[in-house]
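Shared chain: chain A. Partners: chain B in the first complex, chain C in the second.
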Partner chain A sequence: MEKYINARGLQCPGPIVELFKVAKASDSGDLITIEVTDSGFKKDLAAWCKKTGNELVSIVEEEGVIKAVVKKG
Partner chain B sequence: MEKQKLVVIGAVAAGTKAASKAKRNNPDLDIKVFTKERYISYAGCGLPYYIGGVIKEKQEILVRSPEDFRNNQGIGVFTEHEVKKINVSEKKVIVEDLKSGNVQEFPYDKLIIATGASPIVPPLENIGLANIFTLRSVSDALTIRELLDSGKVKKAVVVGGGFIGLETAENLKYRGIEVTIVELMPHILPPFDEEIALYAQNHMVDMGVNILTGEKVTGFEGIDGKVSAVKTSAGDIEADMVILSIGVRPNTAVAVEAGIETGAAGAIKVNKYMETNIKDIYAAGDCAENTNLVTGKPVWYPMGSTSNKTGRIAGHNAALVKQDESMKDSLEGVLGTTIVRLFEINAAKTGLSERDAIREGYDIETVLVPGNDKAHYFPGNKRIITKLIVDRSTRKVLGAQIVGEGAADKPIDTIAAAITLGAKVSDLAKLDLAYAPPFSMAMSTTILSANVMMNKLTGRIETVKSGDVYKGLEDGSINILDVREEGEFFISAIPGSTNIPLNEIEARAGEIDKSKETIILVCKLGERAYSSYLKLKKLGFKNLRVLEGGTCAYPYELI
Partner chain C sequence: MSRKTIIMFSGDLDKAMAGLIIANGAAAMGDEVTIFFTFWGLNLLRKAQKVNVRKTFMEKMFGFMMPRGADKLGLSKMNFGGMGKAMMKDIMRKKNVNSLPQLISTAQDMGVKFIACTMSMDVMGIKPEEIIDGVEYAGVATYLGEADEANVNLFI
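Entry: the complex of A and B
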């Protein structure tokens, strides 16, 4: 399943909290795309992936929007 | 009438400033400046950036040349001329031309001593090996830069984690060199308080610098006369270059021999006019002591900012035709205000540290408050953490420290100005500071931290310092309740803490472990912990403490 989170405009910790909730309700192999404007998110995301074992499939930053795709492990 | 003669010893910051000021105020003066160095009027504080290549050209760090002084101002500057003796009774200096060996006498009516300070080089085993340097003079910087440009340095050790050492470490790292800092004290930035210094230290480690604290350098090993390793209490560290940045000592030998008194840290004693105990002899810059504006006690802060000021005052006063008190310029004291950039963070300090204040016998209160340097919604806003130190009885601000990714210069300068004018913390809280989203929060970090201090002083909030939480973890006496969202808690938290998010705290209050004496409330910045503090207090909980600065300013291990 593919899921999308629009976390644009949310300040820390909003984006990671949203991602945490969606991932918790997802199954192994699900792809989650999240769009974030808070620059602190990248560090949180790296720590979250490391801790959960979820895979960071891609991360791109364009015009101040960070778009990350993660695969639930 | 014969011209009045002013002799200045030393030609870096204070010496050249004194000579220039004296000449401007009194163009009739005959001014001679003697320095044993080859280079004059250079940007000593810029040297780490020169070896790093940030400042590219040697010419850029040489502010003015002897020719500039001679041709533009009519000031005679004699480089590689060492003043060997001051003859106080005959008002003469005895000077050796270091190139020719000739010795000559020069009379003076007024004398300004600006001999600066020199790096400490401890008598360690094999200290004489090649490629072990100090970084103080232009000559040091040129030699180090040349060695780095040759590409032969892969590993470097910096001994001492003060400003010069850290700036040098940063610049070496940017050049792709593996860098290890060895610091004898428990943390880098020794004049800073622990939680601020550890924040900076963690950042440097994140940026790839190896840091050993609480360790001692015992000697060096070499191959073919060049250093190959540093011997420390934690074992040997390979190095093909070593920078010694342990500290500096005031250069006072000539002055002491002439009977000039020294005081704090061996620096020359001066009054607020930069006058020494001997009539017509002044001292300025790094060789002279200062007065701490908060304590009123003599201190020694060898810094470029202060050297320029004291040099200017000495020049002004030495140039006065009539020694009328009311015409004299003076400096009441300094705060030791400093700032340093370390990779992507800034660290700044003014006034007394918490440690200084306790040592001076003040009954103090401190706060540690995270905030943003711009509006939190404005792109590019970055965090800074402000520590305030306040005298509990007078409520006067004694000192401040700031660390973080955001701009630290503006707030530290604001607080330095406030302390200089004797501000109380309530004055700081009410300052009318410039605000628009690209520049500040509506309530700037300075105002915010002053308000938190007011809350603490009036008993609205009880807090705990990160260091005390860390100690409490070891002896198991505390109960840590993290009130952030589950997702945040999951990513990183203080070991042994439990999680109940703020919005569930009332409903789940029954789950809170009451067996331990104190409940420490934790969130990211301190704001949610304060809200939970108020809620739990209402529910009858006692012995609640909010972790100052939250997890973002907690410099110890998070899991």
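Entry: the complex of A and C
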């Protein structure tokens, strides 16, 4: 399944809290796309994926919006 | 999964926010988190509205002088009799930073365990009726038991 989170405008720790909630309710292999404007999120997401055992598929930044795809591990 | 424990000793808005942001972040990393609220930190857990309970004169004075709930805390620096706090809250709202009451409710939703120190409650005359729901009541041994199993422990 593919899921989408609009975390634009949310400040730390809002984006990872939202991501955690969705990931928890997802099955292994599900793809979660999240859009974030908090600039610290890029580094945070890498740490989050490593710690929670999920896979960072892609991450791009465009016009101040970080768009990342995470695969539930 | 690992465990984090935080001792919330301070009743300052800025320090409390730092503590709750770390707690929510840790919960979002999949950790079990326990916050032990003691001394001034107990004020974070007070209900915003006045609760009628029997108190001694000193307890009433304490209750009157201390901030009633998370929304009433002042800054540790540049509070300026509440003006600094008001400015800080305004800026944070504009920048979409969650308020302290929001951070507390998110933490509870995320399963962060709140423990109120019963000794401090007794000293300050804070009764369980005045404390928000979902809080456990215990002493230092409970906290130490949790801290023993934690790999991060903060005193805020």
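Things to note:
In this section, the second predicted complex is superposed on the first by the 73 of 73 C-alpha atoms of A that agree within 3 Å, B and C clash if a C-alpha of one lies under 4 Å from a C-alpha of the other, contacts with A are read in each partner's own complex, and residues count from 1 in each chain.
The rule is simple: a residue touches a chain if its C-beta (ideal position, glycine included) is under 8 Å from a C-beta of that chain, and two chains touch if they have at least 3 such contacts.
Keep in mind the model is a prediction, meaning the values are calculated, not measured.
By the document's definition of touching, both partners, chain B and chain C, reach A:51. Shared-chain residue A:10: touches chain C; no touch with chain B.
Of the two partner chains, chain B is the only one that A:64 touches; chain C does not reach it.
By the touch criterion defined above, A:20 reaches both chain B and chain C. In the superposition on chain A, the residues of chain A contacted by chain B and by chain C overlap at 11-13, 16-17, 19-20, 47-48, 51. The touching residues of chain C, when paired with chain A in their complex, are 21, 24-25, 27-30, 95-98, 106, 110.
For chain A in complex with chain B, the residues that touch the partner chain are 11-13, 16-21, 44, 47-48, 51, 64.
Across the complex, chain C is touched by residues 9-14, 16-17, 19-20, 47-48, 51-52 of chain A. Against chain A, in their complex, chain B makes its touches with residues 376-377, 379, 484-488, 490-492, 524.
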